[in-house]
Amino acid sequence: MQIGVPKETWPGEVRTAMVPANASKLINQGFSVVVQSGAGTESGYTDADYADAGATVTEDRGAVLGGSDIVMSVRKPNADDVAKLKSGALYISFLDPFNEKPLVESIAAQGATAISMEMVPRSTRAQKMDALSSQANLAGYVTVIQASYHLPKIMPMMMTPSGTIPPARVFVIGAGVAGLQAIATAKRLGARVEAFDTRPVVAEQVQSLGAKFVEIDLGDTGQTDQGYAKELTPEQVELQREGQKAVISQSDVVITTAQLFGRPAPQIVSRDMVESMKPGSVVIDMAVETGGNVEGSVMNEVVDINGVKVVGQGNLPGEVARNASDMYSNNLLNLVLEFWDAEAKTLNLDPEDEIIQACVITRDGAVVNETIKNIYSGG
Amino acid sequence: MEAVFLAMVLMLSIFLGFELISKVPATLHTPLMSGANAISGITIVGALVSAGGESGAMSTYLGAAAVLFAMINVAGGYLVTNRMLAMFKKKDTNQPGGNS
Amino acid sequence: MSPVAINLWYVLAAALFVFGLKQLGSPATAVRGNVLSSVAMIIAVAVTLLSKEILSYEMILLTAVVGAVIGVVVAQKVEMTSMPEMVALFNGSGGIASLMVGWAALYSTGNTTFTEVTILLSIVIGGMTFSGSILAWGKLSEVMTSAAVVFGAQRIVNAGILVGLVACSVLFCMNPAVDSPYLYAVIALSLLFGVMAVLPIGGADMPVVISLLNSYSGLAACAAGFAINNNILIVAGSMVGAAGIILTNIMCKAMNRSLGHVLFSGFGAVKQATKVEGEVKPIVAEDAYLILEAAQSVTFVPGYGMAVAQAQHVVRELGELLEKNGAEVTYAIHPVAGRMPGHMNVLLAEANVPYDQLVEMEDINPRIDNVDVAVVIGANDVVNPAARNDENSPIYGMPIINVDQARTVFVLKRSMGSGFSGVDNPLFFGDNTRMLFGDAKESIAAVVAEFKG
Amino acid sequence: MSPVAINLWYVLAAALFVFGLKQLGSPATAVRGNVLSSVAMIIAVAVTLLSKEILSYEMILLTAVVGAVIGVVVAQKVEMTSMPEMVALFNGSGGIASLMVGWAALYSTGNTTFTEVTILLSIVIGGMTFSGSILAWGKLSEVMTSAAVVFGAQRIVNAGILVGLVACSVLFCMNPAVDSPYLYAVIALSLLFGVMAVLPIGGADMPVVISLLNSYSGLAACAAGFAINNNILIVAGSMVGAAGIILTNIMCKAMNRSLGHVLFSGFGAVKQATKVEGEVKPIVAEDAYLILEAAQSVTFVPGYGMAVAQAQHVVRELGELLEKNGAEVTYAIHPVAGRMPGHMNVLLAEANVPYDQLVEMEDINPRIDNVDVAVVIGANDVVNPAARNDENSPIYGMPIINVDQARTVFVLKRSMGSGFSGVDNPLFFGDNTRMLFGDAKESIAAVVAEFKG
Amino acid sequence: MEAVFLAMVLMLSIFLGFELISKVPATLHTPLMSGANAISGITIVGALVSAGGESGAMSTYLGAAAVLFAMINVAGGYLVTNRMLAMFKKKDTNQPGGNS
Amino acid sequence: MQIGVPKETWPGEVRTAMVPANASKLINQGFSVVVQSGAGTESGYTDADYADAGATVTEDRGAVLGGSDIVMSVRKPNADDVAKLKSGALYISFLDPFNEKPLVESIAAQGATAISMEMVPRSTRAQKMDALSSQANLAGYVTVIQASYHLPKIMPMMMTPSGTIPPARVFVIGAGVAGLQAIATAKRLGARVEAFDTRPVVAEQVQSLGAKFVEIDLGDTGQTDQGYAKELTPEQVELQREGQKAVISQSDVVITTAQLFGRPAPQIVSRDMVESMKPGSVVIDMAVETGGNVEGSVMNEVVDINGVKVVGQGNLPGEVARNASDMYSNNLLNLVLEFWDAEAKTLNLDPEDEIIQACVITRDGAVVNETIKNIYSGG
């Protein structure tokens, strides 16, 4: 059974869906692997590495897409990629199915099976395939590195002969996987870290990292069974704004990681809040790709709002491309092997399996995923 | 012969006394002292014997006086100790938590 | 009741005393302990009264009741602040009682020399316990000056008294008679000795003295026990005597004085005055614990040595224990402590010491004289008073943390070696300085162990 | 020598025994302690020989020498591995000796009933000590099966023996005569009882049993002491008896068994077999310490609870103590432990746990059955065997750290509550699992305290 | 009367025994046990008395036998203990460092 | 007595010699302070801040330089700045006197007194004026932030459901003030840190930060009485190269801070060593301004030597301009106040004082500093 790994075409995407180490693992399991030349370059893997791992490296993208039973990619395919897929093929990548109705339907039309990595459930059992977490985790680390890079101050406290430097104050909004990692990293650097999240359950998790949880009473908020946050009512949003103002204005760094699964990210930090910060402060908007938590943040740009740097870096995991590729590739590997029967050399995506049910979007020419179907029919 | 038994008893009691008191938090120093002091009022037993015994008037008077003083020591001692401890109570309760 | 029965009851009473005393030693059980030992006392008294040795009850009952009433009333009246005096008084009355018991025992016929000796012991110890306690009471309740009264010839005088005491005792034992003049001499001398022994001790040390006298009164009771061949007196007396010594020792250490010094206070007082200058006073973890345990405010002053020993984690732990124990804990960071700017911050942050416990040199110095214990952990130059006082010291003029002005200073280092700047440090010879030698991590860990164990 | 003199010597000997026993308890002084107590023994023997009670020396000297020679030779020959057996044998001979002393005492004229009772006691205890020790020796030296011999009627039989023993004793005391049949019955029964008591105990528990029998032989000696009105026997005997009980207790705990269980082994053994399933076994810090102190390899399995309790620093400290104590220490990190990827890494790195002590799940699982103690610190889902065994568990299929396969498992958590996934955890009911309830930091700190204190 | 003194002695010794042994490192369990065992050989004193005393032949023989066994216990016990301790020596020396 | 603070003209210099807080302190001490407009902007201090502090803000650079008795600056003055100084004025800044003979002599000719901050002795007493240390310290922190910014990996170890990420290996060469701070920061981020220095004394200091000191036996090396390193013999340099090769090739990050006081920095890392590193690795050359420790490093550029990024960022303290300015300004403040007599309102630079002797270069129209005189006369 052949696995194909096309080179990423998405602008600024430096990750790859397959690292050489995993290529050889899959080959030992009885797969054959075809990699488009240059697929790994930007994450630090040369074509030679793939070749050494036993994969076939080819210039011909068509062959990779068309010839393979399984196609692995980081980003969703573009129209003509889809056209190349052979019917019955399995396409695995981040698909953003909520917002890509036409694309998804075209895949269905092509007769290909599509697995959307965003849709992998958050069950304890599925964590090893949970690419959202693995990437968010790295992104969280990156936010802090970016912040300290742009900050004209140091993070830790220092009592020196030339005077005492107070610790930088970091405020993390949204303490999910990414947020928690950001908190941990900032703590490591010696910053004074505060955090807020609408899901009260995370307060304890924040404290478990030695940071302070900012108490803002929003009334009932709660989370989905997947552990995702629910959207807030307008009143609640207002409450949150008010509650955060004071903290933000004192902070040297504000990092927002607030996401709403499948929906545009909530706008949490308004312009006036940014302006209330000291000049030289930094705001990192991790949700910029899904609309942004910060008013005025621009994708892949550092906007200066009177003296405050608002960093809208997209694709944060890409900043640590090597680790990100390793992790993502492992997720795919775990996913495939979970359902791979090495003896029979067959991949059985049992429709009864809860993971399959959750993450398989199209199959046998139709959109099969319940959630997605509802949304599409819904609107 | 009795004397030697008493010697043995003495020896053992002294060792026991040494072993009994090991580490005492500062707050307990005074109460413990006062508690021990009350015990040392045991001499009242001696006082009673001599006061009660009939080795002549003098010894009886001496004994009686002894009873008086010893009694002060005993009664007062235990009471004072109790009051002190009552005072420390609150503090003591969280002490263990504190030291463990 | 038969002697056998009585003595069996005594055994029970003794057992209760053991329990009581043990439990008195730990906060959780102290109250119960006190009750137990009082029960034991009641038993002892009761069975004695029932013993057929006793003939005339009236007198006894009368005195007993009067005594009890006095004791109770006083104990109720006295307010908490003057507890120690009270204890002293009670102790004194215990002493005088033993004296009288001994004295009375003289009247019983057919005493062996051994008995005579024990009788004398109970008289002597009882006597000095009495006078000593009264004096201690006087000092504590400011009835008289609480200062240490020291005069030149003291040693000679004391020695004289002792000799006299021994002499008279011997002479008395040669031909014991209740009206022998030597008897009165002994009594007088022992009373005098008690006074002399306590005179030269300052009010601050009184608690220790009382605890010691208390141990003596135990021994007096024990001696009395021998005098009248009484089991329970011996057991309870000697046990209290022993326990008292231990307690005294503990208290001394907690006050950072040596027991020997208190035991021979009179002579000690003089000695001590002479030898302080330029002398290094080492201290062991256990004593350090006792002092810290009683401290209300503790300041850690870390230096390069803490980094070398990687002691930051245990230090934080000790800090937490001290806080739990009710002390106010701060970490005074000198700007140049360590080998790089912010060296201490790196380590303490790693050990999760909360930022708000870190205080700068400028902030701690003004209030350092209110700090009970300053614990200098592998710091040297940054706490070197020479920088303040010694014009020609190479580090003169560098601001330092004035730990030498704290009530007590512990310096944790491995040797008397100097620091980065190679300058000797007068702090180590300070009067209020105690050197806790050894690797900082080991030392602190040891203290922590004392706290927990 | 006069009885008085002798007894004064005995007092000295007793004092030495006290010192000796105390010092035997701590590694630093153990050797000296042993010497002291041997000196005490020599004194006791010597003065006894000099006492005028003794008339015929030949016999004594002969037997004494022979005995000494045997003892010395055997003690020299035996190799280290079979020390415990040896001790058992020696203990046995001690027991039989007491039996005989008691027996002999019967021949002395004019015994009060009290004496008769004590005599019987020394015979009974001595006897069962003897037979019990011999059996223990047999089990240890594989002369006979070392397995626990358990048969149904055991309890009835044992009960019977006891009743018989008591009955015969009473009958004997009614009209004591050296040739009374009851005497022989008593002897026989006590020997039998010793056997019955040890039979149902497995070889693993033997050390505990020996220690217990040893305590008994002390009591036997004590009883003998009463029988012949001898001070030193009583003091030394009862002291060893008491100390023996304590030691036995300590050893039990170190082997994670309850003393009660050993004391009534026969019945216990049967009971225990019945009640294991689905039962939670809590443990206190002190016992946990005793087990860890004896462990050769320890693995910590941290989870979210460690983070919540911020216990990482104390954990590291405990780890270091264990290493100092000679154990091999590792930290097994489950990939999803905590609430974010690498959660445990953050905390352990902060606490300076060296990277090379961190092992991954895949690496620890294969060798986990060689781990003496796995300490699960606030982890739950990641060590939940249900994920391995229980098809319909929501977490079925998740790889876990198989702590349940370690020799012993400590689970540190505050309650029986479930973890993130809300699934119940059969591990807590495991046979080799001990629950150490309470905040992880507090619990570990308590264990650390035990280590240091 | 003696008996009661002995009772007192007994009581005290038992307490003392309890107090004496507190925490013992695993390595010392066996040596301590064997050391205590040697002490329990004190019964030899009793044996000597009965062997030496003259309450008839039988008691003498019993006593003698008792001496024999007791002596084995004593001599052997102390020696074995000593050997064990000698073995642990090295380990013990670093023990304190280890536990402090 | 007037203190003048000109705007920095040195390219890329974002620090300032005076921060508002210190301006007011000095004014309270009886000085008057004149600041050139915009002097503090780039370190985050507006002209308004200075005005509020009581300083006079003027556009006229001439006035600032010519009118002041004390001129404070970060960088050395250029020729016409010198020309403006009034005779007898005191000019304080980094002067680089070793390499700036003509400049120094021109200052002397102008009759001005010049204090060179590099020359402040390393005595314990003088530490509060030790600008080299205060700036090096911040630079050390920055090196690590830069490294982690450019590294396509994360620093800490992470055992995650998607696989285990090993800690990054950081090798710090030169464990002086900067080096130690770099070590500390890298440790904080969870990296596996090794370090080397020619001065054996620092081995203990490195370990005191929890890092590993790489033992390379160079024979006798030693340090100056100021704690500076001596220059190595060619053989020793060779030995060091050899010893470091292995470590460097395994490292993900190499940070070089090796300086030789007053002399060009030693070249420690050769091109072949760089090439031996994994692609994606990062080399930070802190000494680039003084010639560079790394072969091929270019000032203010990130050079890519087959896949390895060699970062030659100059003026590292400037990356945390705000803290850097605070520290530097404090150093100057401490220096001035040390010799300021508030009653007499006079500054007495007692020629006997060891600090003065060390750091005063020119005075009364002549070069007075011993060290410098020797060097100039020497060649």
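The chains carry the letters A, B, C, D, E and F, assigned in the order they are written, with residues numbered from 1 in each.
Methods note: a contact is a pair of C-beta atoms (placed from the backbone, for glycine too) under 8 Å apart; a residue touches a chain by one contact, two chains touch by 3 or more.
From a predicted model like this one, the values you see are computed outputs, not experimental measurements.
J.: Enumerate, in label order, the chains that touch chain C and chain F alike.
T.: Looking at chain F and chain C together, the chains touching each of them are A, D.
J.: Name the chain whose C-alpha centroid is farthest from the C-alpha centroid of chain C.
T.: A
J.: Nearest whole angstrom, what separates the Cα centre of chain D from the Cα centre of chain E?
T.: From the centre of chain D to the centre of chain E is 18 Å.
J.: How many angstrom between the C-alpha centroids of chain F and chain B?
T.: About 73 Å, centre to centre.
J.: CA centre of chain C versus CA centre of chain E: separation in Å?
T.: Distance between chain centres: 37 Å.
J.: Residues of chain D touching 2+ other chains?
T.: Expected reply: 14, 18, 231, 235, 310, 335-336, 341-342, 346, 349-350, 352, 445-446, 449, 452-453.
J.: At least two partner chains per residue is the criterion; list those residues in chain B.
T.: As it turns out, chain B has residues touching two or more other chains at 1-3, 5-6, 8-9, 12-13, 15-16, 20, 100.
J.: Find every residue in chain A that makes contact with two or more other chains and list them.
T.: In chain A, 127-128, 133-134, 137, 156, 158, 160-163, 165, 188, 190, 210 touch at least two other chains.
J.: Which pairs of chains touch each other in this structure?
T.: Here the touching pairs of chains are A-C, A-D, A-F, B-C, B-D, B-E, C-D, C-E, C-F, D-E, D-F.
J.: Please give the residue numbers of chain C that touch chain E in the complex, ascending.
T.: Counting only chain C, the residues touching chain E are 3-4, 7-8, 10-11, 14-15, 18, 231, 235, 285, 442, 445-446, 449.
J.: What does chain D use to touch chain E in their complex?
T.: Residues in contact with chain E: 14, 17-18, 20-22, 24-28, 30-31, 33-34, 37-38, 41, 44-45, 48-49, 51, 53-57, 59-60, 62-64, 66-68, 70-72, 74-76, 78, 80, 83-84, 86-87, 89-91, 93-94, 96-98, 100-101, 103-109, 114, 126, 178, 207, 210-211, 214-215, 217-218, 220-222, 224-247, 250-251, 254, 290, 293-294, 321, 324-326, 450-453.
J.: Spell out the residues on chain E that touch chain D in their complex, using ranges where they run on.
T.: Against chain D, the touching part of chain E is residues 2-3, 6, 9-10, 13-18, 20-56, 58-60, 62-89, 91-100.
J.: Which of the residues in chain C end up touching chain F in this complex?
T.: Contact set of chain C toward chain F: 304, 307-308, 310, 335-336, 338-343, 346, 349-350, 381, 387, 394-398, 420-421.
J.: Tell me, which parts of chain B touch chain E in their complex?
T.: 1-2, 5-6, 8-9, 12-13, 15-16, 19-20
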